[in-house]
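Right, one structure below, let's go through it.
Letters A, B, C and D mark the chains as written, and numbering starts fresh at 1 in each.
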Amino acid sequence: MGYQTEKLKQEKVIRDPVHSHIYIQDQIIMDLINTAEFQRLRRIHQLGTTSLTFPGAEHTRFSHSLGVYEIVRRICNHFQRNYPTQTPGDGLWDDQNRLVAECAGLLHDIGHGTYSHTFEHIFQTNHEEITQEIITSEGTEVNQVLRKMGPNFPNQVASVINKTYPNQQVVQMISSQCDADRMDYLLRDSYFTGAQYGNFDLDRILQVMRPYEQGICFKKSGLHAIEYYIVSRYQMYLQVYFHPTSRSMEVILAHLLKRARQIAQDPQYQDDFQPGLLRPFLTEQFDLKHDLSNYLQLDDGVLTTYFSAWRTFPDPILADLATRFLDRKPFKSAQFTPETKPQLTELRSLVADVGFDPNFYTATDNSYNQPYDVYDPTDSHPNAQIELMEKDGSLIELSQASLLVQTITGRDVGDSRFFFPKEMFHPEAAGLFAETTAQFQSYLRNDHVIQPKESQHD
Amino acid sequence: MGYQTEKLKQEKVIRDPVHSHIYIQDQIIMDLINTAEFQRLRRIHQLGTTSLTFPGAEHTRFSHSLGVYEIVRRICNHFQRNYPTQTPGDGLWDDQNRLVAECAGLLHDIGHGTYSHTFEHIFQTNHEEITQEIITSEGTEVNQVLRKMGPNFPNQVASVINKTYPNQQVVQMISSQCDADRMDYLLRDSYFTGAQYGNFDLDRILQVMRPYEQGICFKKSGLHAIEYYIVSRYQMYLQVYFHPTSRSMEVILAHLLKRARQIAQDPQYQDDFQPGLLRPFLTEQFDLKHDLSNYLQLDDGVLTTYFSAWRTFPDPILADLATRFLDRKPFKSAQFTPETKPQLTELRSLVADVGFDPNFYTATDNSYNQPYDVYDPTDSHPNAQIELMEKDGSLIELSQASLLVQTITGRDVGDSRFFFPKEMFHPEAAGLFAETTAQFQSYLRNDHVIQPKESQHD
Amino acid sequence: MGYQTEKLKQEKVIRDPVHSHIYIQDQIIMDLINTAEFQRLRRIHQLGTTSLTFPGAEHTRFSHSLGVYEIVRRICNHFQRNYPTQTPGDGLWDDQNRLVAECAGLLHDIGHGTYSHTFEHIFQTNHEEITQEIITSEGTEVNQVLRKMGPNFPNQVASVINKTYPNQQVVQMISSQCDADRMDYLLRDSYFTGAQYGNFDLDRILQVMRPYEQGICFKKSGLHAIEYYIVSRYQMYLQVYFHPTSRSMEVILAHLLKRARQIAQDPQYQDDFQPGLLRPFLTEQFDLKHDLSNYLQLDDGVLTTYFSAWRTFPDPILADLATRFLDRKPFKSAQFTPETKPQLTELRSLVADVGFDPNFYTATDNSYNQPYDVYDPTDSHPNAQIELMEKDGSLIELSQASLLVQTITGRDVGDSRFFFPKEMFHPEAAGLFAETTAQFQSYLRNDHVIQPKESQHD
Amino acid sequence: MGYQTEKLKQEKVIRDPVHSHIYIQDQIIMDLINTAEFQRLRRIHQLGTTSLTFPGAEHTRFSHSLGVYEIVRRICNHFQRNYPTQTPGDGLWDDQNRLVAECAGLLHDIGHGTYSHTFEHIFQTNHEEITQEIITSEGTEVNQVLRKMGPNFPNQVASVINKTYPNQQVVQMISSQCDADRMDYLLRDSYFTGAQYGNFDLDRILQVMRPYEQGICFKKSGLHAIEYYIVSRYQMYLQVYFHPTSRSMEVILAHLLKRARQIAQDPQYQDDFQPGLLRPFLTEQFDLKHDLSNYLQLDDGVLTTYFSAWRTFPDPILADLATRFLDRKPFKSAQFTPETKPQLTELRSLVADVGFDPNFYTATDNSYNQPYDVYDPTDSHPNAQIELMEKDGSLIELSQASLLVQTITGRDVGDSRFFFPKEMFHPEAAGLFAETTAQFQSYLRNDHVIQPKESQHD
């Protein structure tokens, strides 16, 4: 297996604004980057509709994947310098795991598709399964490259990503509550959106990170760097990932795809509607083995190209939603709570009164996330909690050491929103419907759905 | 004309990583941003194929256009604070020009299309003419918004961009050798590529900028800030804009489009080839009045969507070039000079020997630019030169004051390159063609085409 | 009063790495900067002993004072653009207050002296009283400049700083829980230490800030920017301001000055000890009126110059402490709690056993701060709480809107530490005292004072 | 020699805003940092009087020295990863040289004193000789630490700094036209002044750097990164290092020290003048062996402390110059050329007419530097020129490959200035001397000394 040890005689670099440079030191990493499946990530935005709110956020899953690889590489260097294993089972770092870790870091998102969040929801695809398939099925270029390392290497890489690899240090580098994936995307999303909230101190975290028997923990002296990272995550969720305008554009996207599916299955439009590469998704159940190559042909540009054609399609809802998506005409939204949720029925009805089909012109969206959680064995996806190591080797779980983290531990951060056309709000909607829209607006105050005064009297 | 003075009661902001925020203070600016023609700029990369070399460079003409507007706005603020006109003709700043300047800044690139550089070359379109058309022809949303300011306002904005507006201060804000356009793109391209070379001192330049009778000049004390800006430009050309890999991908793109045109016009493929929105460009002469709406439907995603379909088209050249473009398989290249240019004939012939059609698998590209030039009235597009103002009001042309600038004044910076398939170079090309490729390689040394030793003896 | 309106015809700028440039637009600001009292701030570090932990933190109160002025100037610009008063009492901004606000921002720290924290503690000086004196007493250059604006102007500026100025918007710009002072020092201390924790989003905060009847509040949409700022403050306290090494060096400084006072008052040393400018502080009660000029002659360099001379003074404690301070030989420290505080008696006794006078070689320090607090009228210095304004004008107090802030509201952040010579810990202290130091160390674990095992048996 | 291999088990870090962290991996480096001679560098500004122009530039030789060490460490890592020696004499990197290189980087400025530029000029000290002395003479703490590595180690470190160490790769890391010293100070001075001009691309330069037989060269592909670095140097000289205001404050400092020497040697003041630690410098010839400890007691704070005392000294020139220095009252200046130099006689005479002693109130200063030079064996300090290596191993000297560099190669950059009191220029000087100052001003125009019109007629 000469390939295995085929270090590049001189490392190569790729310029990256987040990490300055990505250092490529092995032929296999270079070869993986050059596969069709990996290059395809250049055509898939990292943050879906977020660039419609933050215009700088045009970065792709390609550069994020390189960034994750680079952080993994730096963690390995740090572990090898400061915590090299002496005897098996001493809980220190065995650098034999480096290549499998680096490949897993590079490929962890290889199964992601166009606007994953919405697409998976509508079409029942699963990017994690697709990732496993791309790595392990013999038809892909990625698999061919990996196999040069040995017949079992693809499975090893795949097992890191699905967390069954025996060495938990490697698994936690890629998937844990403070892993290379999360660290890269916080920094990267922060850099490209221009929101400074994700800008935690990577150098400091790498330096207090250390291997131990159960995986990866952090020196206690790094408490505040970790705390800051958790707060950054919390802030990025609230400020960027859950931004109402981006979610509104996702709502439009989802409704557009749903409408397209209706039309694709409607005999009336049989000949006129040309959904191209989307056809299998619109008309059948997605089948991973059968449809993989089809899936890999989709990207963000393919979708907007279809949308562009749909602008003039005879179905007015399809045409209008396509136009709203392309020309960025977001829905408005308001927060609701369990208490005010009952009002939504009336709101939908008022939207219908003005002439909008509420199935396609209203929506609710619940966006919540837990910036940090402790280990709960009863959870379906229990998280390894973040452990801090004292000087004497004893461990303390993060939220026990940090008041700030304790506050947000296990707590859902986010909100529930009701989306509706901005025509319900703006003067141009007035005239004929002035009374209806006025009534609609009486349900809204300070960005929230409320119980309007008059209905209180009912 | 209430619209004209319709200041937003509270300014709105758009987050931008380069300028921190873009400040929108007038309803008309907000309305222009919301037009379909302007939103379309979100789907056109600022730097075409450059993101294939610098993965961060996914930024679009949309955010650049906002950035130019923002710099114009800041220049107006600075002029109004420090150099407000007292009497007509005093050469100082009349803030009545602010809105026309800001609109022109925002819209200066509105006519740009997908991969403009290559597209214009192949299809004879002209983004400057298209910009004028979008602003002045009544069918566009942009024109409708502008007309609200008065019937002549679109023409005023258009005249700033084509440099015929009477107030040269406004013209030079948008188009001169140190204008808002160049300043934004240097900073922005530097930020998103991660190449630090374009990172000059915007604040300092804005502060030494001043209006005078002939347009805009700079206080002499700002000499070094200007000098640094010119050197930044020079560096960005050499390091980023003329990067051989990006140009190689442009060569592939150009060959791909040329091949598509051949096929579109080839009766043999009449029914099988579906070029969609590209058809009018592939089969006819582009006609601005007639084809504008067609042109506005194209974007980067539309092109790659077609390319994706072409991957499996029966024509092997079309299919192969499409694959090379999508999977980023750049040609290799080598510099040549007038002296070594004659060797290219032999090199093309060797490429043909290996089985590649040299018309589609080789190319030459001359990329040159002048980072700075003095005024030359005999030039077809004479540049207003950069003038520095001494304390006593006397003027000195930049290159007279700066040794560094003098060196690069009027000098073409760049190189001429010959492009060819990397198969001519790599081991896999060997075997049957080992001798041919060895001969080919004997013409290349240190990134240059040379006269090989043995042919010297002939 | 031509001086009052004496705008600089063209603004002047001072380069500043935090704000890029400081813009000076009025003659009075320039004149204040050029006074001896203000220039003296160049010789006083902003962060006292912190540069002994973070070597970059050599910045001075001079640049901080400029930065506070600059933020005040930007707030005034923002208020004037977006919230200009229409009628008296409408709660909007009256730009007549600009100059008094800017002067107060510039001068708010003018009374600070060398190593203020320690110096005030030891010598009972009060930098706030001294600030008032410098501004209002006729002998200073600052007062002479201010009086050019009118005889009452110095008092107005002073009243802003002591919070009695009638316009609370001006007062809160300078002194509140989110004021120009705190915002500048967080950014500046973050920049110069290199700790990224203080790097909140100033632009965003300035933009959501608004005047109202009771002072200054923030648009609700800016909640997360404010939240992030509060968390930044919290982090900077824990990571930078309360760093144990810096506090240890402060302890040494305090002990050194105390020892110097003993010696200055000790007849035995009457002739040999030359405390120079420190004499009045060492031998008498500080009297503001009498000793102001004396106080203004002290700066950080003056103190270290004396310390340098004291290195060789016959008193071994004075000489040793001076050497430790100059050569940066910090004490070690460990946290203690009310429970473990009783152990300190034994620890001090063990330090004495090794030969160190515990009065000069041990100390306790309690460093606590509240990153945010709500208004408590019973507090001696009640804080104006941070109010957020909803779209409909209603107000909500910050901690009611932010879970994170609620967690830290009114909570003391920091720790209590016991300081002792590192000789108690290091091998060189062993030998003769090996048993004593081993016993000492048995009281310490993981950076905390503990109840040692054997004493538990007592 | 266990000490030699005494790697720190876990590396330690020092926070640094320029390099993020300084990584300490060997006990000897930590011990050197903790010496009194090295800690003393904390009290010496890196840029002398420059902070009087750029208020952020308060950084010290201490953090610069750490930065140089850090860059050396990174170069060694890069060389060891990419160019490890295989056989002696192969021109690649032998990592046995690492520690001597790192120590030399750390200590290269250890002999610098307070305001070195001026101090050396006035008192004939030489910081390079003092550096050698501190490293090699047995009385210093630095020497004691170094000797733990072996009796010859101090000499080895000293020989790197004086360029006689046999391995030229090590020598050129510390002293060449693109060395760790210059690279750190450009970045650091840029960061702390806020002038962005020195902000070249360190990562890229480190990555194209390589060892070869004659020392260190750069891969040709890094040409533009080197070019940019040279231009950065050029810009920093013109914008920061040669700033007229800083030089003006240096002129005042020099005159102040000269006056102090006159007074110290004047029997009239024998008893009243207490120059303290400066006495040996003011009254005798500096003797390195004898006065080293004295020299090491001086720092920037010691000087300003004396100046503060001199403010009230009976000699009006001493008192006035001390006040001008402390309160930052710079002289004005104007450029002169060989042609206009003859006018200076008249200008000095006019300054005398107003009552200023021209020996202490006027000065000329020639500040020139060569940002890059080619090797000239006839030069007293010939510079190793920067060599670029082509892919085939051939070398090309930098200025042969770069037009920009060629322009400034061997060229003196800077200017000659005449300094004079601003009273010659400002209205307050008018009145009695109105005619004299008007005449003086007629010699000045646009920041230059000119031949006034009327004198042309003479």
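Just so we're on the same page, a residue touches a chain if its C-beta (ideal position, glycine included) is under 8 Å from a C-beta of that chain, and two chains touch if they have at least 3 such contacts.
Keep in mind that what you see is a predicted model, and the values were worked out from it rather than measured.
Chemist: Identify the chains adjacent to both subunit A and subunit B in the sense defined at the top.
Modeler: Touching subunit A and subunit B alike, sorted by label: C, D.
Chemist: For the chain pairs C-D and A-C, which is connected through the larger number of C-beta pairs in contact?
Modeler: C-D
Chemist: Select the chain at the greatest separation from subunit A, using centres from the mean of Cα atoms.
Modeler: Of all chains, D has its centre farthest from that of subunit A.
Chemist: Express in whole angstrom the distance between the two chain centres, defined as the mean CA positions of subunit A and subunit D.
Modeler: Here subunit A and subunit D have centroids separated by 50 Å.
Chemist: Report the inter-centroid distance (CA atoms only) between subunit A and subunit C in whole Å.
Modeler: 42
Chemist: Determine the centre-to-centre distance between subunit C and subunit D, using the mean Cα coordinates as centres, and give it in whole Å.
Modeler: The answer is 32 Å.
Chemist: Identify all positions of subunit A at which a residue touches two or more other chains, and write them in rising order.
Modeler: Subunit A, residues with two or more chain partners: 20, 195.
Chemist: Which residues of subunit A touch subunit B once you look at their complex with the stated criterion?
Modeler: Against subunit B, subunit A makes touches at 14-18, 20, 34-36, 39-40, 42-43, 51-52, 54-56, 58-60, 62-63, 66, 191-195, 277, 297, 299-305, 308, 323, 326-329.
Chemist: Quick check on the complex: what are the subunit C residues that touch subunit B?
Modeler: 9-11, 13, 20-21, 81-82, 203-204, 207
Chemist: Give every residue of subunit A touching subunit C within the complex, in rising order.
Modeler: For this pair, the touching residues of subunit A are 195-197, 199-201, 220, 224, 227-228, 231, 234-235, 238-239, 390-392, 394, 403-404, 406-408, 411, 445-447.
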